[in-house]
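Letters are used for the chains, namely A, B, C, D, E and F, taken in the order the chains are written, and counting of residues starts over at 1 for each.
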Amino acid sequence: MKLITAIIRPFKLDDVRDALAQVGVAGVTVTEVRGYGRQKGHTELYRGAEYAVDFVPKIKLEAAVPEALADACIDAILDAARTGKVGDGKVFVMPLEQALRVRTGEMGDDAL
Amino acid sequence: MKLITAIIRPFKLDDVRDALAQVGVAGVTVTEVRGYGRQKGHTELYRGAEYAVDFVPKIKLEAAVPEALADACIDAILDAARTGKVGDGKVFVMPLEQALRVRTGEMGDDAL
Amino acid sequence: MKLITAIIRPFKLDDVRDALAQVGVAGVTVTEVRGYGRQKGHTELYRGAEYAVDFVPKIKLEAAVPEALADACIDAILDAARTGKVGDGKVFVMPLEQALRVRTGEMGDDAL
Amino acid sequence: MKPVFLRKMGAAVALAAFVLLPGAACAAQPDKGDTAWMLVSTALVLLMAVPALALFYGGLVRSKNMLSVLMQVFVVFSLVSVLWFAYGYSIAFTGGNAFFGGFDRVFLRGIADPARGEWALVSTFSKGVSMYEIVFAAFQATFAAITCSLIVGSLVERIRFSALLVFVVVWFTLAYLPIAHMVWFWPGPDAYTDAAGAEALNASAGYIWQMGALDFAGGTVVHVNAGVAGLVGAFLLGKRLGFGREALRPHSLTMTMIGASLLWFGWFGFNAGSALEANGGAALAFLNTYVATACAVLSWTFGEWLLKGKPSMLGAASGAVAGLVAITPAAGNVGIGGAFAIGAIGGLVCLWGVTGLKRRIPADDSLDVFGVHALGGITGALLTGIFNSPALGGPGSVTDWVTGATGYPGIAAQLLTQAKAVGLTVVWSALVAALAYKIADWTVGLRVNEEHEREGLDIHSHGESAYDY
Amino acid sequence: MKPVFLRKMGAAVALAAFVLLPGAACAAQPDKGDTAWMLVSTALVLLMAVPALALFYGGLVRSKNMLSVLMQVFVVFSLVSVLWFAYGYSIAFTGGNAFFGGFDRVFLRGIADPARGEWALVSTFSKGVSMYEIVFAAFQATFAAITCSLIVGSLVERIRFSALLVFVVVWFTLAYLPIAHMVWFWPGPDAYTDAAGAEALNASAGYIWQMGALDFAGGTVVHVNAGVAGLVGAFLLGKRLGFGREALRPHSLTMTMIGASLLWFGWFGFNAGSALEANGGAALAFLNTYVATACAVLSWTFGEWLLKGKPSMLGAASGAVAGLVAITPAAGNVGIGGAFAIGAIGGLVCLWGVTGLKRRIPADDSLDVFGVHALGGITGALLTGIFNSPALGGPGSVTDWVTGATGYPGIAAQLLTQAKAVGLTVVWSALVAALAYKIADWTVGLRVNEEHEREGLDIHSHGESAYDY
Amino acid sequence: MKPVFLRKMGAAVALAAFVLLPGAACAAQPDKGDTAWMLVSTALVLLMAVPALALFYGGLVRSKNMLSVLMQVFVVFSLVSVLWFAYGYSIAFTGGNAFFGGFDRVFLRGIADPARGEWALVSTFSKGVSMYEIVFAAFQATFAAITCSLIVGSLVERIRFSALLVFVVVWFTLAYLPIAHMVWFWPGPDAYTDAAGAEALNASAGYIWQMGALDFAGGTVVHVNAGVAGLVGAFLLGKRLGFGREALRPHSLTMTMIGASLLWFGWFGFNAGSALEANGGAALAFLNTYVATACAVLSWTFGEWLLKGKPSMLGAASGAVAGLVAITPAAGNVGIGGAFAIGAIGGLVCLWGVTGLKRRIPADDSLDVFGVHALGGITGALLTGIFNSPALGGPGSVTDWVTGATGYPGIAAQLLTQAKAVGLTVVWSALVAALAYKIADWTVGLRVNEEHEREGLDIHSHGESAYDY
């Protein structure tokens, strides 16, 4: 199994989720995160004080998937999340040793 | 070492933390996340506009544990987090290559 | 590639990010989390009701880095995040199998 | 000033409609300054409910139930207002027996004839000074509506919305209306023209009024009344899931503080408006309200600091409300020294109410409606009896409405009268409340189910979320 | 009371400056109770815009656009206020022709001579009762300013800030001012001394006033006017990105509820203040405002419960606003029974406006300015025509200002008059709005670019973020 | 109107208690319209502090310190109110010497005898027009209490709560009271009956009053006074941790906007209430307050747009406050043209104050109490001297209270007088503030420790968290 983690633009979340559903990924977990990278942030000015807000709001999406689905899943994310402008985000793939479903205790691919 | 990640129902957090403490896990990190899976969300209606809120609030709990503790830890979570209804969540197990304690620089199991 | 995850004190974020930039890590993703460990929380009192708030606000910082950079990166975090008091946090290192840049589809170290 | 409590000459007795000639000098015509003041006061009491009380309460619940609280207060306030104009005003403020009024003013009929430019007038507490009955009815409407809204605080985070509405209709009709009638209905000063008729006039007043109990702006009618009904509800509904185990933390003390502040602001209308005129009595009630509240903020703050180690914002806000509640029955009935004392004592008593006393009551009176409103109301009602004494700087009260002579029966006697009024209110309110909750339970079911409660009333009962940051 | 709508004797006609001797008994001098009431009312209308309307609207947008909405309301309100004092008041409320006034009061010149302690006075609706022209000008300023602020609700989350300001200057000048003049300008009661002159005096009034249309506090001038301008804007601006696909959820219904509550509170100044005196007419307008709003809260809440399955807080708050809008033209023009009906109907009509009707309009009228304000205003304006009837408990209206005699032309006739007034307002406002948006588009560009809209107007247009929890 | 500033005939001199017979026609009895207006104004000033100022400030700090700010304002306001009634009023507003009053009114003794229905009356600015002393004392209480609350803005996010309270007690007693006495204490118009006694009466007034300085509603007494004390505190406390390095971003500009809006609303009571009557002077002060604020919103907004590239909501809100501060000393002392100018200039000066000037002051005046209140107050005080000129549309001021004759000494002369009053206030306030902070430091310690500051004052000082969404 793999844990696929994608950092994407917030407004792309619905598209990515739909794309994943297409390739058969039925569950995901998302987190609101802030990202720092090439995409530059913005400046805020409060009375005299100027603050550079370097961190940009992003969504982190995690999906545990069976080996077999990993590539399709990555492609689906890349496609759905792309705008072509700096800041589109990343996809990370990590090995997942085990997965369990709390409700039933099922393990491995069955748990996903 | 393993990194155990559990996606659970928010109101189960205290129970799970206590169960982990029982088996000897002294530290955890939790994140508020939103999950999408079999459990269905709800619908919200604002004047004419109806929105399906598919994502359900969940808590992600991460605990880095020594190999030896991993199984006990997983069982503890499964037990404490279970209600038996759809949406109880998942447990994921990942390999952890290294852990360090910032304060002291300790490494490996000592850092946990 | 490695995924370096650091749990740090919130007010150390800017220092850590700068330290990482120094050693050549150009991108990071941060999440607001709450940690439980040796550092004790505080107590809140609302009219008659006393609540122990055990979870302490922390920042989780994730950086995907090439193998070669991992150690420098860890050292940079340890240095920048340390205050010497309980609760400074942890650094976790995990294997990263693949990384992709959504915008371009670049893979591996190129994506970081 | 006639330093007594309230209200109007019974419609059947002395209500008269005058033709209002613009600009004409007519002694009996309402003074425009009084009218301005009473309109403002009425609006201020409305503000106390929406948004003030709603925010005070709403800030104290978890965010998943925020909208439900706002909604409960908003709709209860509107519903009771409509019922008030439909039949409540008539039952409370027209002549009948000592417990209920009549139906002369159902749907406010006869209160105005716009086509002829005629407006019914009612007496104030001053002989020869009248006010538009429309204004009186509107002012009183806000009292009825906020009283019912107060009860919400005991029931939040678990009551079924429809059950709340059923409860409110019953309790409003069978508890609020008769108690308001008992405490505040009387023939008005102008009716008293000679000693001969005075006896009969006295006998036409409400039961508690006849007892001689003092309640300037609603210590018993509003606060004790609501506080008791709330506590009964907390018992019957049961505790919130997780009560005593999980942290049921306030989701926004900022909102609670806004609520408390607006309550303070609006309460000037509530208390000083209860003088029914912009006169010295209103000024005294205003000042007393100010003084007592500031004192209660300090006594609660310093008391908490001493006893619990830290002074909290929730404490200061609660202290303000405690002081406001305690001074309510007293506002125009005591001197300034009395206001200092009542505020300081009220703050401390309610601090004990929500910490010490609360632990001994095996109910989840979630937002301390009993600990603050009932307890503060009782404290205020009793202390009113004491500080009403001219020897303690108080005004005493009118003993003979024909001559306007005032007197004071002695501390013990007045205290006993006050206690009786409180006791009657407690029992009446509790019994009716129990009945009303039962009716709600039988008809629609009192409490939401567990999943519903766990995920929050906002989503389940109202199909919305309060926040999406 | 003269149960008609508004306003002052033309400066050119009858404006007189009196020396104010403090304490001296001078019949023509403004009553202090009236002055107190009108100052309070003016402040209350200001409160309706900032913060009430800003919060009502702001809570409904996404958090990334919160500040932009607050800012739009805050600055539009300030800008229009300044323009009002600069030239708006003069154009709206001095004599000219039936559509525009003159320039006598530019920068309020002649309205006061502080060095000599002289204050210009204007008539109210009662013969022999005057008010400070300063107060009248300030009261009316708030009406102009809030009307322009209302339009913001149709344009949020995408309009360019500078474009909004350009639009507002044009629309205020060419739509608000003439319509206010048409509806509310007349010579005042004191000018009418004999039948001979009455004809000429009538002819000097505004066009819609001459028609005999009733608009107590601004159903057409304020709500229909703004609602139509909003809808036109929604068409010309286009829909928000993601409209119909993404969830454009309110970010804080708590703020929306606070806004609605403060609107209710402030609206008492708006409606009852429009009586210009603290008299029986003001009291009636006050009560009607209270009753209608409470009824509309209930009718919307129960309507939504029935039709959509759940009663929502946003619904209750919207109901309150709907009721307030609907009763605005009627407040002093109908009896209490009329207020019950208008409130209940207004709530239901606007519920349909934001659900049923909205679906058929292919525009993103984001915060339902049309569905609530225009529709509620039209409903209120028409129902005013009906319930004004003395047969239905209404006051009718003054038909002869020399004698003060009142009458009523019959339901059909009055309804037709009301409909004509509404129709004229709709057409005039729409045409001017279209022109004004075009001018804004040509000069500065109407809409922000896509990235700007996506990331939020707060950061891009104003360089700030609303929240940092 | 007597277009001068303030206050009452000294208790020792001319205070008289009248029996109030309800309804009786008594020329000296307070007008009910005046009473209504002053009660409302008093409540409005309370609203300015809680919640308005608390929110304006609270929104600007980080969320971990939100409750501490709300708490500081809430408790300081309550504490000073209690001290005011205990001894403050007596020291400020009874006769003594030119700097301090006496102790005749300690605990308001003698201000009312409720048992006999007697109320002490005091003069207004109009001969023969009196008001209840109770009302005057309450109105003034809110001024004292909000002034002390204003200082909080310089000290937030690091001051120890107990230290703040110690500081406030000292500064209130030794700075606020004498300055209020110096500026506002005078014998009142009715005392001036013949030229012979006038000299002696003049000499019994406060020091700055005798100088002939104009301060309608508290430009020096309130704003300069507080702004200077704040700046001194910022110096003595030191900068917040991370100041200049970390982003110390406002946590909720929404709250700041609500605060600014409610300040605007409440300020009508502050300024127009300072006329003490519902007369033409109040109307002028009201209008000027409205005009100046709207102008300042625009001047700050457009100024910031031009200079910094974007107009911000915080800017607009700050502009409103700047305009309100600047018009405070001027409100009834200038004509409408003056209000336009003072508002526009005040906005620009304060914009410079919080951007340009601020950079040169090596202190962390966290919420710009100096940059907005002191600077705005000074600007307003000086411009009052100019626009008071009848040649510029101003009223001038009463030069002979026996005849009521008015005059104006020339711009240079009046400007010098104003500057002297400002200078004296600056020096006095600064010295007393330094002393008071030192006393707080010696007794309880001025600043919380580093960990405490880092984790937030809410948790550490008050044991609560503001939010739990």
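One rule holds for everything that comes next: a residue touches a chain if its C-beta (ideal position, glycine included) is under 8 Å from a C-beta of that chain, and two chains touch if they have at least 3 such contacts.
The shown structure was predicted, so the numbers you read here are calculated from the model rather than taken from an experiment.
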{"item": "Shared chain contacts [subunit B and subunit D, defined touch]", "value": "C, E"}
{"item": "Chain pair with the higher count of C-beta pairs in contact (C-F, C-D)", "value": "C-D"}
{"item": "Gap in Å, rounded to a whole number, between the CA centres of subunit C and subunit B", "value": "18"}
{"item": "Subunit C and subunit E: spacing of chain centres that average the CA atoms, whole Å", "value": "54"}
{"item": "Contacts with two or more other chains, residues of subunit E listed in rising order", "value": "31-34, 36-37, 40, 249-250, 252, 258, 308, 310, 312, 314, 463-465, 467, 469"}
{"item": "Residue numbers of subunit A (touch at least two other chains)", "value": "31, 44-46, 53, 94-95"}
{"item": "Pairs of chains in contact (touch as defined earlier), listed by label", "value": "A-B, A-C, A-E, A-F, B-C, B-D, B-E, C-D, C-F, D-E, D-F, E-F"}
{"item": "Interface residues, subunit C side, partner subunit B - complex", "value": "2, 6-8, 31-38, 54-55, 58, 60, 74, 77-78, 81-95"}
{"item": "Of subunit A, residues touching subunit B in the complex", "value": "3, 17, 26-31, 64, 94-103, 105, 111-112"}
{"item": "Residue numbers on subunit A that touch subunit E, as the complex places them", "value": "11, 14, 42-46, 53"}
{"item": "Contact set on subunit D toward subunit C in their complex", "value": "60, 247-250, 308, 310, 312, 314-315, 318, 354-355, 358-359, 368, 371"}
{"item": "Residues of subunit D defined as touching subunit F within the complex", "value": "1-3, 27, 31-34, 36-37, 40, 44, 62-63, 125-129, 249-254, 257-258, 260-262, 264-265, 268-269, 272, 277-280, 282-284, 286-287, 290-291, 293-295, 297-298, 301, 308-314, 316-317, 320, 334-337, 340, 390, 393-396, 406, 467, 469"}
